[in-house]
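Next come two complexes, and both contain chain A; in the first it sits with chain B, in the second with chain C.
The block that comes next holds the complex of A and B.
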């Protein structure tokens, strides 16, 4: 039995409704840690090139990590992954809440869902015992109603993951929801769940997690809790959650506004943390064992219509707020609640609607084609289109295929303001004159996503015009930040409450019995990073440097406001950043890991 | 200084005394310490959040907070 882990891989085949248990491979523990690492490793072994992301051959995998659910603040993260229907490449996402602990206490380190059912089902996992329930009656219900229904049917002690109408109607960026508002939002994990006809996964776990040294872990956990709660940063931002950063992002002109046409919306203080606390938030909501309850539960309001929701987080404030021309936090919360209810990734959905609004304002698409006028700043228009997307109606059907597909279909120059990288809509930072942040987006192993490397502060602190040190910073961040996804914990104690990141190495010994240095943990993260890169190489014929390019708007159009007004990175600067990055990583000029690099990381199996 | 901005201003990782004549604003104190005033997410003066135009009293303790760093 591996200490600190549940010890089992649970495989559920939806086609024949059989389940199978195997031991968690010990070598994976040493090389990939857990969470995202286990998923990347299993992805390589099990998901073959050339398959349809929405076919039964694709697999949806979920994995807590060694730190998940320990007596340690902010360890409620569950990671999941699959071949992404949004990008066609490696896809993963994570969510907070209580599911990671529940899965682990049910005895599971890795859950693999494969095949496809012929009828809608809910899977129940009761301490590892698998059963199937007919989900036809609530297959089309929204996420909140579905979760509420299952809580009533099964009992409050069960933890539930559900999909909503967006997934069922084939939106390629559909979420999996848990705990009434926690979303695994990116890359279409919910869409893959729907393709397997799984409406929900319900888990109840009561088993102990066998720690190597519980007494020391308890002491370390108490010390860590005090450390987190004693940080001035914690006390200042916790009451407001991540919208706390709205004023800073706006003043730096990095907050996407009107489909990334500029970086600051007028009246941005209407979207900040204190305004949200005053007008939206009713109660704080946290994950398992967390000292920093950053979730904010409250009502969104649009023209008198009320929608209870959790959030919105900064990313949603940016993508369904300023990027749609909205600066009223109650309306933005309404959009966020609507996306959650429909099971839509608010980042991707917001980006698609913003693109449609720009198409309308530029005369590329008419009100007839869109179903109504679609001006920026019109909350009713945005809400209308989110519903069209979620239910697969009208123009929403096309927007549900992502902004890359929509722009390819519409044409007429709209491709130039389709804001995606590798097919994944870009999240909440305007980066055309922020080299480290732009490089972060260009090389993220999901596509246009921020959470692998958040480098805006680095750009501002070291000079946006200065290219030196940017690639080094991005590589370092891409090892540190995803490491949290492998450990099964949240980055906020480090990135928001300023706990020294190296602290995280000290917990491995009392949990697993194995001493890990911080550098060894970073090496594992580098291994995972190269493995996910090789998954892209394997699944996308011709994959390489061309896939790492920014969208046209960032490569060709200047900033239109603030300090960076009139500027964007030149082609030469963009290529220079990539050259430096590839060299640091030991990749070819085309962005492919060399055989020597792969071998040095123990990834010989990736060498053809 | 708290948070990830410390790496750019290591001289402020530990408490530092900044002495200026007159009645300087928070922005002027930050500049004197080598920190661009627009860079921090927030500044606390004696544990209360203040604007960079605020004039702290003599002997005040300023805490400089880094921007939040993405989820």
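The block that comes next holds the complex of A and C.
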């Protein structure tokens, strides 16, 4: 087996409670690297079109990558994927913490969970030995209590992933939690775990991960830590983590506020990094080998009620903060802790509650229908609705199906401010007059998510009115950023500390023994990008250009504040961006990869 | 050189465990480290690190006398003389002598190499004697 990998694929069938081990395909290592790449390839091979995302035919897959757990700053990422119950298309999510190395040390490069159990179970994987425990007693318990319970039952050295009440009650955007606050949050991976009746997966691994050149890796790890910690961006950013961007996002009017009705909340400094450090943060909380821990642990407070939590990071500050009209960081931390406890994706849950608040303020939904008055800025109202969602009660039951489904049911024009793309609620950047960010959201292979291409700073730097070069930037970012998800590490040393990104190519040889150039790595990422696009094509009859459109509010309504006030991208500009993007990608005018493009990337098997 | 901990600075990143095993065993395997990071969450919400303070209790109970102090003050296990009786593991007051299946019964123990102090990005582990510079 190639060095740096664990060497095995572990398949666990919940229906018959059997497990099976096979070697990690060496060709996959060369073509897909690991992590997201392995998941996309296994998804194509194993998840068939037409199945129910919540049926036993769906599979939940988890994969570390070759960089996971290395002595190299910020390598704690584990990737997971499945057919998404939130969108019906390709779904994946990743989380930090310490699980990726533990899985590798248990001998696993790819874990496939298939079938469905008849009773709640916790799966234990002890150095590759699989066992099942009855989880009925804590099936409905919240994520923190469940994780603590398992730590006490199994031992502190076990790494644990759990789901919470949201997943159990069928919320389509439920998370998988690990390490008391790390979430695989997007696309409903937790919902799929619940559909298989898996409450938790606990892992302990003690095996060596052999490296091609351990001495060089030790030296590279030392050098990389010094490089990261010596960057100017490190000192500015590290004390605050991702909320450091709040003032910038607010001043540029790109911070979602009151369901994307505007781009800056009054008193936004109440949500910024220094305020969070003063009022919430108690300690830094890092993932494996991370020299720049963005995790901040501390208490959220709402009207005297205290909730210990990790965060909130920027996305939560935006979606369960300003987008709900909240500008008090302690209250936002409380909302974040509540979502974590319930196992809800704070981005999607926040967007659903914001939509409900706008419905209430516009008179589309009454206090009776919602269970109470739901005004923006009312923390008690927000907390009430998160609990309604998490426990499947009242109006929360509908909101748990996502904003697309809720708006379709309620109607009365509420579809116009249901902020989603492809059924996935949009994350924390206002983009209606930010062409590269808009295109990033439109073409993200999950739906409305920013992490494949975070281009809003590029828009501001190069002019929001300027369309040239935007599609090129998005394509480049869509190759670079998801590459980290295939390698199994975090992109923040590059994004936040500004370490030269090509540095990442130099670690492949001492870890695996195989030399990779940066361009070869980008080519692998392009291969994965086209493969996930083909998964959408395969699973969604009629999929194409129409699915890449922004929500009504972004396509038709102007900015209402700040510099971009009175502006939004025109239909012509949006179509022009798509035309340029599809041409660069070698896709048809309808956004489908051509046979030639697929063949050039070694994806012949995707050609009908 | 004297290994010390400022627990409130620890972020739980386990760089200390990784560099310890990589330096001493040339593998990626924190289970072969001579110290352990653990977190207590959600309450009280902090980390601690269990590490050897070179108290010498292990040497006192060793029936073969194979644990001897070096010039740095570290108690070193001379593996070729170790009979794998685990008396030292049981006697260790801080429970920081570790067994691993690959080690043929020879416990893993801190050699005071200093790597954990040198590469703790938070300076949570540090040299109380000040001979190793911290990163913060």
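The definition used in the following text is that the second predicted complex is superposed on the first by the 608 of 608 C-alpha atoms of A that agree within 3 Å, B and C clash if a C-alpha of one lies under 4 Å from a C-alpha of the other, contacts with A are read in each partner's own complex, and residues count from 1 in each chain.
The rule is simple: a contact is a pair of C-beta atoms (placed from the backbone, for glycine too) under 8 Å apart; a residue touches a chain by one contact, two chains touch by 3 or more.
Computed from a prediction, not measured in an experiment: that's the story for all the values here.
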Touching partner for A:118 - first (chain B), second (chain C), both, neither: neither
Chain B versus chain C as contact partner of A:231, first or second or both or neither: first
Contact breadth on chain A, by residue count: chain C or chain B: C
Contacts of A:461 with chain B and chain C, given as first, second, both or neither: first
Touching partner for A:105 - first (chain B), second (chain C), both, neither: second
First (chain B), second (chain C), both or neither touched by A:248: first
First (chain B), second (chain C), both or neither touched by A:222: second
Set intersection of chain A contacts, chain C complex versus chain B complex: none
Touch list for chain B against partner chain A, complex: 2-5, 8, 38-39, 41-42, 44, 49, 63, 65-71
Residue ranges of chain A touching chain C (in the complex, touch as defined): 69-71, 73, 98, 101, 105, 144, 148, 156-157, 179-181, 205-211, 214-215, 217-218, 221-222, 225, 229, 282-293, 295, 297-298, 308-309
Chain A contact footprint on chain C (complex, rising order): 8-15, 18-19, 22-23, 25-32, 36, 38-39, 41-43, 45-47, 100-102, 119, 121-122, 135
Touching residues on chain A, where the partner in the complex is chain B: 231-233, 236-237, 242, 244-245, 248-249, 251-252, 313-315, 429, 450-451, 454, 456-457, 460-462, 491-492, 495-496, 498
